[in-house]
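Look for chain A in each of the two complexes below; its partner is chain B in the first and chain C in the second.
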Partner chain A sequence: MVTVYSITTCPWCEKTKKYLASKGVEFEVRNIEENEDYAKECYKLSGDTMVPVTTADGKNFVLGFDKAKLDELISA
Partner chain B sequence: MAKAHVHKDVIVIGAGMAGLTAAMYVGRMNLDVLVLESGIIGGQIANAVSIENYPGFVSVSGADLISTLQKQAENFGAVVDEFDSIVKVTLKNNPKIVETEEKIYEADVVIIASGMNRRKLPLPEERKFSGRGVHYCELCDGHMYQNKIIAVMGGGNAAVDAANFLTKYADKLYLIHRSEFRADEVSQKRLRQNPKVEVMLQTEIKALHGAGRLENIDVLDKNSGTTKNLAVDGIFVNIGVVPNTELFKDELQLSKSGRIIAGEDCRTEIKGVFAAGDVREKEIRQLTTAAADGTTAALLAEKYLSRLKESV
Partner chain C sequence: MNIYDFTVKTNRGVEKNLGDYKGKVLLIVNTASKCGFTPQFKELQDLYMTYNDKGLEILGFPCNQFAGQEPGTNEEVQNFCRLNYGVTFQIFEKGDVRGETAQPLFKYLTAQKKFEGFDENHPIAKPLMEALQKNFPEYLEGDGIKWNFTKFLIDREGNVVARFEPTTNPSDIAKDIEALL
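Moving on to the complex of A and B:
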């Protein structure tokens, strides 16, 4: 299952979610603004203070909206 | 696999205020219009928390304003594609060719409304700290700085509005700007009245430091010539914009600042190619003037198309 760490107001998070939906990918949204545990998970995964962070395995991730890397992630 | 060729009456490049306004008008005239956007829909205003100078709204977020405009354009038949990026344009012949990663579009009219991108922080350490303390999207990344110390760089409306927004997270916020404020008085006043904020005009960030993440910055006071070190957890850069015209530099005449040269009628030197919004060289660049450009370009595009069809 693909997970997208995001916040409500972030336009790049919206774009990432719309892209995954356009490709028919099922994903879970973890809103780091509403859940402190998700925020910790997100930071632990990427080491960055940026969203969106998208992962399929909890190890490899895509930071921001990067179509080529998202394609790689969802085809793996 | 060879790319499919697709014909469109009008292709609009960019889905900001100018591009979506143009698409809405073109759509209303029953023309086949496609809007291509490789960044975020709304462009610069997508990040605006509160717009208070757009007629008809006391206050509206950029996201709300632009999503309504997108709906208006789509209701009139415009199609917006935000996932297929343009790789090349050839504008001088008819039809004009807009090649994307997936398709080759042939269009009778191209309206360029590609807008501007934020200028990157011109320091060698920028790449090292990008996402690790250096940020360009307050709405995306501001939340990560709950109870932290933030610096905002810039003195225009976008920078001051960003700083005002970020005070809801930060314990302390420095506004660092190399000259005097260019922001509206209303926004400046709001910022100066906030006890969390320290305004530092005539100052410049000269270096970023940190082991892995940004930890502190060197700030030059231009008046005294002295440099002091400030502990900060993050900086949000808002030091102006650069026109998004790389695709067009071999096709159209650009101004010294890199914007497309076109008249108030938005016509460029190539018939059937219009430039609208902030990407067009002009003195005043506001949301309202972007909407006006989009309108002008669309209406004159329709005139051009009618004549083109009559001549065939």
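Moving on to the complex of A and C:
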């Protein structure tokens, strides 16, 4: 299952979600602005407060809207 | 009329009376969006970490009157945003800071401290002037806020003592803050 950490007003998060959807990838959105636990998870993963952070295994992640890296992540 | 007479709303929609900051040194800044190339956030955060326990508060007011992109940084394409703008000082509700629709606080601040020009030695000065002349020539007139990251320094008695344009880096304000603490 793919997880996309995001915040409320974030065009790059929206692009990432749309891109994943266009590839038929199922994903869960975790809003780190609204949920403190998600914020901690995301910080633990990426070591920063930037979003979107997309992960499939909770270890490797893609920071930002980066099509090439997202392709790699979803094909793995 | 005094700075402590203003009431504003935090980014979580809670009303905040600036009177609550009486006795503190304040740096009031109009900030940009949380998704653009905004290096001044980092320096503001550094100032906050250094001087907050000595009595400095930084108040950030997001505004999108100045287009999304910082001038001169087109090559710095970013594809991410930051939670809380990557800072821990107080961010307020998004609103206008110039023109008819400006928040009263910013009408007051710009009336107290006039525009005295950009620091032409700053690397952003030239692209900023060009961007303004091209996109918002009317912004160059008068004392209104010219661009993101205009900074107003308030002393412990509530006097607006200085105004710094976007062409002054927050780190260069450290000495002015220290003088008031």
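One rule holds for everything that comes next: the second predicted complex is superposed on the first by the 76 of 76 C-alpha atoms of A that agree within 3 Å, B and C clash if a C-alpha of one lies under 4 Å from a C-alpha of the other, contacts with A are read in each partner's own complex, and residues count from 1 in each chain.
By our rule, a contact is a pair of C-beta atoms (placed from the backbone, for glycine too) under 8 Å apart; a residue touches a chain by one contact, two chains touch by 3 or more.
Please read all numbers here as calculations on a predicted model, not as lab measurements.
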Which of chain B and chain C A:Ser75 touches, first, second, both or neither: neither
Which partner, chain B or chain C, touches more chain A residues: B
Chain B versus chain C as contact partner of A:Asp66, first or second or both or neither: second
First (chain B), second (chain C), both or neither touched by A:Glu33: both
Touched partner set for A:Ile7, first chain B, second chain C, both or neither: both
Chain B and chain C contact sites that coincide on chain A, given as residue numbers: 7, 9-13, 15, 32-33, 39, 49-52, 63-64
Residues on chain C engaged by chain A in the complex (per definition of touch): 34-35, 78-84, 86
List of chain A residues in touch with chain B within their complex: 7, 9-15, 18-19, 22, 32-33, 39, 43, 47-52, 63-64, 67
Contacting residues of chain B [partner chain A, same complex]: 40-42, 46-47, 63, 82-83, 85, 131-133, 135, 137, 139-141, 143-145, 212-213, 234
Interfacial residue positions of chain A with respect to chain C in the complex: 7, 9-13, 15, 32-33, 39, 49-52, 63-66
